[in-house]
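In the two complexes that follow, chain A is the common piece, with chain B as its partner first and chain C second.
Here is the complex of A and B:
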């Protein structure tokens, strides 16, 4: 059974936080919810685990005992050791305090040698791996991780995604939110949020394929009012009608281009 | 420098709670010290089990009270009066309740002065013959320790969980709100109980504070008091966003209890309005129970009223804390627990 939303709208303090969002989180797969600050990623996570109630729409989730959750910027008790954090989760789920699962997770996260260290003393990457391990420990049917890679170096991010892939490999339905578009490639299914609404959804490939028009690269800001955005030392310019400005050369759009163009299109339409 | 001053003024202006504390606290202290801070005793309740004498010659400070008991020690132990005057054939004997320090001192002064003027009266102080301040303060201090651990430390423990974001994680775990609540406060309950024992033992060893009554009665009173203070701690945590706010609020609840509970200033000496604030504070009743049990060996029926009032306060504060904590822990907890189709 898959989990997720059907046409969910959530209001926070009278403001619409997410609107008409559909979401599918399949067992054995990773769904990435991607968006910038204020896009609605945390609201999506909190609603999926039951911390927020939708104003409209329906939510499909398993019972509490079958949910693994890591809140944004948290997930570990900093004044408990690595082992104690895992043991606490085990106790809360009525599992043996130290089990093969406990040892297995220490091994796959590489936290074995640090098992007696306080979580607060770990590096950001190690602490995040511990948080993911805690969410995975009870072998939940649904694991929800809110920005598990934010603030981590590329190596640590790759490590965290490796753990998420492992969780999905165990049959868990994994939902991870992130603000890094390049992480979409690692997920089976991607939902891009913008201002609380779904901007694009599907596989990374299908989202890329949804691009219409032509993308160009220019050394200077293109004249004529075509949608353009700076990336690095050059400008990306989008020509929905296929006609690029004269100083731009055509290029293949990547996922970031597709999402930025979609955001532009929505802005134009509104 | 101006940049710093302007930044600070803006921050203070927006921190409403600190601002309120800066303005309300001095006013509160002024009111409290003005109307409550008095060691002067205006009334001494005197029982005359052998019959009330001609009251026209009694000093105004002495107020005759009726009692159905005849034994002076029994009368004082039950708290029916502050002083009992009986005749012993050759004159009068005034038995004074030493557990009411300032009242006892005032009474001793009245009767010593009367004896000096030729009235055949001798005075004896019971329960705290040397009128030691420590004997009267230590039982109340034990309550203050419970208050400190129960309110301040508990509120910090819960707020720390919220600040770290882990309270949200607990809400999603398969733990019932009452499991989280009880699990959270149980260690503080034990620590506070151990602290109290330490204070009492140290008081006994270092200051010779007597323990005349039932340990179990005091333990029961302490347990009721702890429920109130732990509930207050959780309540404080539910309205505080960070540890700084929790500390501010805890201090705002601690200070009135120190000043208005009868721990330092006798309740009877306070102006009526301020005294009634004291009657709403749990430390007032723990103080009466602790002094009664430890110094006077008061039986349960003598301190049943403070017990009942403390239990009432406990029910109200603890119940409110549980309700607030439940909604604070998971606003849609029911939704979180039930799969939604």
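Here is the complex of A and C:
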């Protein structure tokens, strides 16, 4: 079965943190929840794993022992070695302290040569890979990782996504949150959150296809109040009704354009 | 020739056994936006602190407005640190008035969706609005050189578009701007980029200069997971993208030798992120 939310609303200290959020996290696939700070990514993760209770809506999750969860910027013990961190998780799940699984994860993360180093001495990228390996070790039915790639260099980010793809390949349902919109391409399903609400959802491709109207590029700010945002030395102009200002030429919208236009549309509607 | 507002020559800084910045040279001219791009720990903040005169380099030289950093140069600098430099227990007005008083100028007006926030405690503002107030404070004395450390982190899509518009406006008005980000998709907002990796500047130039000659191989294997594992074991950088795998900065031959001669592959131009991966690997 798949995990996730149906129409979930969560309040924190009397304020709405996420509102009417639907979420599908399927076995064998990666769902990415994308948004800036305060968009509701951490609330979504914590609610999915059962650390927060929704005010409304329903949450589908396996039993606690079948969930692997890595909170944001945490999840490794800095004063234990790489190997000891993995053994600790194994012991907590009643598994052999050192097993084929342990050795396999050391190999696929590339952490084998660093197995006796303290987690606190690892680079950010290596530490994050260790955190993902720890979440994968007991082969959970659902793995939830909050911002596993934030602040990492592009190479390390790609390696973390490679590990997530491997976890999905083992049949786990994976949810990862990120603030990088371009990581949408690495997931099979994407939910873009803005201010606690879903701004766009689907595959990266279907979200791009959901763009309605025409996007134009203009060297100057378009007159007449059409929605427009600057990028580098040009303006991106959105014509929801399909008619661009005369000095704008049509262009293919990218994911950033689609999300910005959706945020505009929501602002207009409110 | 446009005047150089800031110039660093081969500056370096070591913290105990960590060489945080290793011989970085950059210059910023009036009216241009220079992006300093790199991961956490790449040395961005340390570099900025040296350039502003807040931290003394172990080696190399910093020239601000034609001379060494001093109290006098501070008046011509605007700096928004990652922490934003606002007092959380003061209101928005009190923060703006304090900064303006320090520089002997009038506090800026609150416009657009900032209108009406004057009496709100900064601690009660959402992060995105807080960042925009921090930006307003950094701009209030019309600095010649503006340094913004991750100005858009935590800001929603529209707030981000508005912040970048303000940054472009400041540059159009003649300010030189240094901005850090680890979002590659923001880097194309900049006139020039400096890519930092492990304290070193691994590339610099305009986006098109950095992308020139950078190629990525895209393969469409029948079994992506198996192909990814084999390419990864061979030490090649692999980015899963939709149903395909992208390998920046590798040769067609190296992919064929691992996946076999009959695998479908195309060569395409690298994205900025892919170029950065190749450059950081020293390809």
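Assume the second predicted complex is superposed on the first by the 270 of 270 C-alpha atoms of A that agree within 3 Å, B and C clash if a C-alpha of one lies under 4 Å from a C-alpha of the other, contacts with A are read in each partner's own complex, and residues count from 1 in each chain.
Just so it is clear, a residue touches a chain if its C-beta (ideal position, glycine included) is under 8 Å from a C-beta of that chain, and two chains touch if they have at least 3 such contacts.
Keep in mind that this is a model prediction, so the values were computed, not measured.
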- Using the overlay on chain A, decide if chain B and chain C clash or can fit next to each other. fit
- chain A: partner with more touched residues, chain B or chain C: C
- Query: When the two structures are overlaid on chain A, which partner does A:77 contact: first (chain B), second (chain C), both, or neither?
  - Reply: first
- Using the touch definition from the top, say if A:59 reaches chain B (first), chain C (second), both or neither. first
- Query: Is A:230 touching the first partner chain B, the second partner chain C, both, or neither of them?
  - Reply: second
- Message: Just to be sure I read the superposition right, which of the two partners does A:96 touch: chain B = first, chain C = second, or both, or neither?
- Response: neither
- Message: After the superposition on chain A, what is the angle at the C-alpha centre of chain A formed with the C-alpha centres of chain B and chain C, rounded to the nearest 10 degrees?
- Response: 90
- Query: Now for A:259: first (chain B), second (chain C), both, or neither, which partner does it touch?
  - Reply: second
- Query: So, does A:165 touch the first partner chain B, the second partner chain C, both, or neither?
  - Reply: second
- Message: Using only CA atoms and the superposition described at the top, report the least gap between chain B and chain C in Å.
- Response: 7
- Task: Would you mind writing out the residues of chain B in touch with chain A in their complex?
- Result: 164-166, 168-169, 171-175, 330-333, 335-341
- Message: So in the complex, the part of chain C that touches chain A is made up of which residues?
- Response: 38-42, 126-128, 153-158, 160-161, 164-165, 168, 182-185, 188-191, 197, 207, 225, 228-229, 232, 237-242, 271, 273-274, 276-277, 280-281
- Query: chain B touches which residues of chain A in the complex?
  - Reply: 46, 49-53, 58-65, 67, 69-78, 89, 92-94
- Message: Per the contact definition, I'd like the list of chain A residues that touch chain C in the complex.
- Response: 35-39, 123-125, 151-156, 158, 161-162, 165-166, 169, 179-182, 185-186, 194-195, 199, 204-205, 229-233, 256, 259-260, 262-264, 267
